[in-house]
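These notes open a run of structures that come right after.
Shared chain: chain A. Partners: chain B in the first complex, chain C in the second.
Let's turn to the complex of A and B:
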């Protein structure tokens, strides 16, 4: 008998159907990968199993776990199962732990809730579990608070809470999506080893095909609240029978068609034929933040976020900047946009120092990561898109503004009528298009894309990347493409800079750097990227 | 944590110094000469000058400022222009009424607000929530003097459980004194309890949506356990801020209620002193209130650090 069986599970929230007739099952000790884009219902499925659906939801069907029908249990009975036989790990390690309790308290709480053991025994169990999860108490005492740990370390605490009582089933909802690529590799290793040690069933929910491919025996592919395809991983991933599975595979490794750098550069300015003309030139840039004084007579220190960085971006060129969180990418971006002043060094655009004022800065525009937070929700799209026009010396007339907004919206694939809407009426992908229109309206030479596609689903991401490529060709744009996602950088950039601890440790032609990384850190980064195995020769019967 | 304390104490002292300068300057600017006011319209110029010298009003501003500050540090607040009695005695007598009144009103507000806020938040959208929201809406809206008059009509006049006003002093015993303060404390507490309950409710609802509450539920805590163990402490920060503000307000802002119940409190003292141009009393009481507010803010800061470990680092 399977460990977990979902029979005709249907969930609706205030009458809106969210999950439709899910039927699937998971054997003890098996790893099931659940794949889907945002809104596909994969997280809701996990919450339905845990009994944590939002208020106003109704569930029909049957969720059978062992010999219990989970959806028929009352709150008390359910709470004895959750946390004990079923553990769960969430996506956001930064917010998943209670900030006012120590990590020890939080793990111990979980143990003492389900087992009648003394405080001392619970503490020993917590220490043991944290050690197994890679946080030995001699380095990470139980008295630490979550804010004293990094994202990866916090995720280890969350995992420790989930596996402390050796559950039969662990549900991991996008456990590594918020983490850096090297940390992701470590956490996936940890999950794999815990799963094997305890012979635990694992339900791994992810949008990332490669992550699932490296872990799962069985896959479930979801779309719009339905399971579109499921089965053992090799036949599903090899044969790609279902068109949706096919499109996911295509989109996840999408390479937009691009012109060469010089062709793009000349699209903007016919006189540019020289490859070496530098558009953005950063020379020996140093950026520092003050650190709060520590202790009574401590000196106010400085943290060097960007340390002696030099590079150039040529006209029409697409340059990638990769590095893990905290490496100084964001500070560098802020400095280039003129949002923070440099401690030393120079930033020049078209040979002019950016300190010379707004007339220099207008050649550089930006698209940020968060399509939800980077717009004022009370302004109409027309005003949002037209805003950069304010930095021009000669202000366009009302008529011209309107015309330019229309033109920009159409060039990013939206309609002129969208100008009168508010931002909440758009999806994440559409919002990023609006952000691109806003960046484009004053005809910049360089657009800084700060994780601009990281929050998007693979299929949406593919269309936005295509748009960026075609705009680069038609407007002769250069891009500074900042991302932690190496596979996207690989597909869309000409050159790449690898940043670590404020320094650029390696730079060069993108394919050269990725295929033959010379710096040790780049090697580690490239090796950590989860890759889809080549299924063309895999035997379907191997499982 | 020590460094955090040190920083907070430094800012406490700095605030007091700035406040004393501001109070002194403002009082200097206010029109009206206390000496001529005390002697009445018909006093001769010589008599006024003599009194001015006696009161030390002819000295320069700087010596007067330092004299005033150093006096306060020694507990000497000067002598009232009007009553010719030490200001310190007048103020401490009034404090004996205002402080217990403020404390009991605040305690009452907290005791009422916490169960109401917790209940409303844990049954969001339910009948209990609607009832709590309706009552607290009324509590905020009703003017407290009107509510006070109803209290007097019912409890003092109709049922005669309490006296309608006045304060017999603490000489008749602790409970006797508290009995006289009961109705005013209820009248003061009602709007404060309503505000506090609403703040607690909305703060709890915010926290209940946090990821760590979901994590707690996934660990197997029931809804109620998650609320008590994980949400409440995190929801305390805005509540503590409001409690601090309310205490400061209750100490000095009870003037209307003091008038309704004929209580000799600080609020009425300030009001009388301003009317009589008894500026030395005004200065002293204002400084005392500033001190109380700054001290409460300091205590609230300490409470923040106690509640939230992230605040202990002294930033």
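Let's turn to the complex of A and C:
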């Protein structure tokens, strides 16, 4: 008998259907990968199993766990199952821990809620669990607070809380999405080893096909609250029967057509020769942040976020900047945009210093990561898109403005009538298109893409990358593509810079850097990227 | 979307009704009151509500309904202008402090705020009264000064978090200076907070005016105000409770109406909550 069985599970919230007739099952000790884009209902499925559905939702069908029907248990009975036999790991390690309790208290609380053990025994169990999760007490005493740990270490604590009681089922909802790629690899290793050690069933929810491919025995592909395809991973990923699975596969390793590597190489040979003028020239740039003074008369310290960085971007070139969180990428972006002043060094755009006034901003514009935060929610699209026109010497007339906005919206694949809408009426992908329209309206030579596609679903990401590629071709744009996502950078850039702890540790032709990384950090980064195995030659009968 | 529309006006309509009612009464009192409020009629004193004097009469035989109508002028004007003073000075100060965040201008404005905060409105009022003499105008100034740091703080706090948002950075990349960003981007995004705080300060203003009148620092007799009426009725509550009941009720209802109106306006002005076209 399977450990977990979902039979005709349907959930609606205030009458809106969220999950439709889910039927699936998970055997003990198996790993099930649940894949879907945002809004597909994958997290809602996890919440339904845990009984954590938001108020106002109704559930029909059966959720069978062991020999219990979870959705028919009362609150108290359910609480004894959840946390004891079912553990859960959430996406955001920053918010999943209580900041005012030590990590030891939080793990111990978990244990004592479900098992009547003495404080001493619970402490021993907590220490044991944290050690198994890679946080040995000699380096990470139980008295540490969450803020004293890094994101990856916090996620280890969250996992420790979930596995402390050796549950039969662990549900991990995007456990590595908020983490850096090298940390992601470590956490996935940890999950895998815990799962095998304890013969625990794992339900791994992710939007990332490669992550699931590396872990799961069985996959469930969800779209709009329905399971579109499920089965053992090899046949599903090899045969790609369902068109949605196919499109997910295509999109997740998408190479924009106009920018396929060979074409780019030849195009660059034609248009950008080595002596082409440097569009952006960063020379020995140093950026520092003050660290809070200790006491009234203490000396203010400085944190060097960008340390002696030099590079150039030539006209029409697409340059990637990769690095993990905290490496100084964002500070560098801000300095290039003139949003913060450098401690020393120079940034020149077309030979003009970035701090020389607003006219230099005619050549550089930016697209930010967050499609929700980068627009003033109180302005209409027409006003948002026209904003950069402010840097021009002669302000366009009303009609010219309107005309340009229309033209830009159409060039990014939106409609002229969208100019009269507010930003909340658009989806994430559409908003990123509007951000691109805003950056393009003054026809800059360089657009800084600060994690511009990181927040988008794979299929939307693919269309935005296509758009960027075609705009680069038609407008002769150069891109500075800042990202932590190495696979995207690999597919769209000509050259790449690898940044770590404020310094550029390696730079060169994208393919050279990715295929033959010379610096040890780059090697580690490249090795950590989860890859989709090549299923075309895999044998269906191997499982 | 009928149900959501009804939900959206759930606060706005009753709030607006109460506010219009009391403002209307104040305006009507300029042209018409059932009785003259400055004529004393000792024979008719302390009547309970009846067909002639709808809300009864006070200890001088003045009609309470008429006094409440005339008193609304003082109470509402004091609160309204005091909130105006707070917004007029506090919001620009807060915006300025936020745009120079961390600099000496920010420090100067915020420490100045602390200084004003350190004196309760009543102390400021006594100070002003000591210099200029008691009266409604001085009450307005005292309450108004007290409002400035409230709005400055709120504006600065709300603006600070906005300054780190990406749309502000996009505006900076579009070459806009701090003052322009403050007005174009920051201010519209904090209006909802200002409206809510404004209505709270408005109600506090009415209560503060009542308090100042109560200790004799507000409107001077014979000008009626809601606070004075409450103060005067204090010694008579056991004999004629309606003397305290009606002014108390209008104060409560006005404050309630303003709070409802504030919440309603906040929802109504937010394009995210506005109905999709």
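Quick note on the criterion: the second predicted complex is superposed on the first by the 521 of 543 C-alpha atoms of A that agree within 3 Å, B and C clash if a C-alpha of one lies under 4 Å from a C-alpha of the other, contacts with A are read in each partner's own complex, and residues count from 1 in each chain.
In the analysis below, a contact is a pair of C-beta atoms (placed from the backbone, for glycine too) under 8 Å apart; a residue touches a chain by one contact, two chains touch by 3 or more.
Note that the coordinates shown come from a computational prediction; the quantities given were computed from them, not determined experimentally.
Of the two partner chains, chain C is the only one touched by A:366; chain B is not.
Applying the stated contact rule after C-alpha superposition, one finds that A:388 touches chain C and leaves chain B untouched.
Applying the stated contact rule after C-alpha superposition, one finds that A:422 touches chain C and leaves chain B untouched.
Once chain A of one complex is fitted onto chain A of the other, the partner contacts of A:458 are absent, as it touches neither chain B nor chain C. Shared-chain residue A:438: touches chain C; no touch with chain B.
In the superposition on chain A, A:96 makes contact with chain B only, while chain C stays out of contact range. In the superposition on chain A, contact is made by A:376 with chain C only, not with chain B. Common to the chain B-facing and chain C-facing surfaces of chain A is no residue whatsoever. Against chain C, the residues of chain A that register as touching in their complex are 334, 337-339, 358, 361, 364-366, 368-370, 373-379, 387-391, 421-422, 424-425, 435, 438.
Chain B makes touch with chain A in their complex at residues 2-3, 6, 124-125, 210-212, 214-223, 229-230, 233-234, 307-310, 313-315. On the side of chain A, the complex with chain B involves touching residues 50, 52, 55, 75-76, 79-84, 87-88, 90, 92, 95-101, 109-110, 113-114, 145, 147, 158, 161-162, 292-296. Interface residues of chain C facing chain A in the complex, by the touch rule stated above, are 165-167, 169-176, 184-185, 188-189, 271-272, 274, 276-277.
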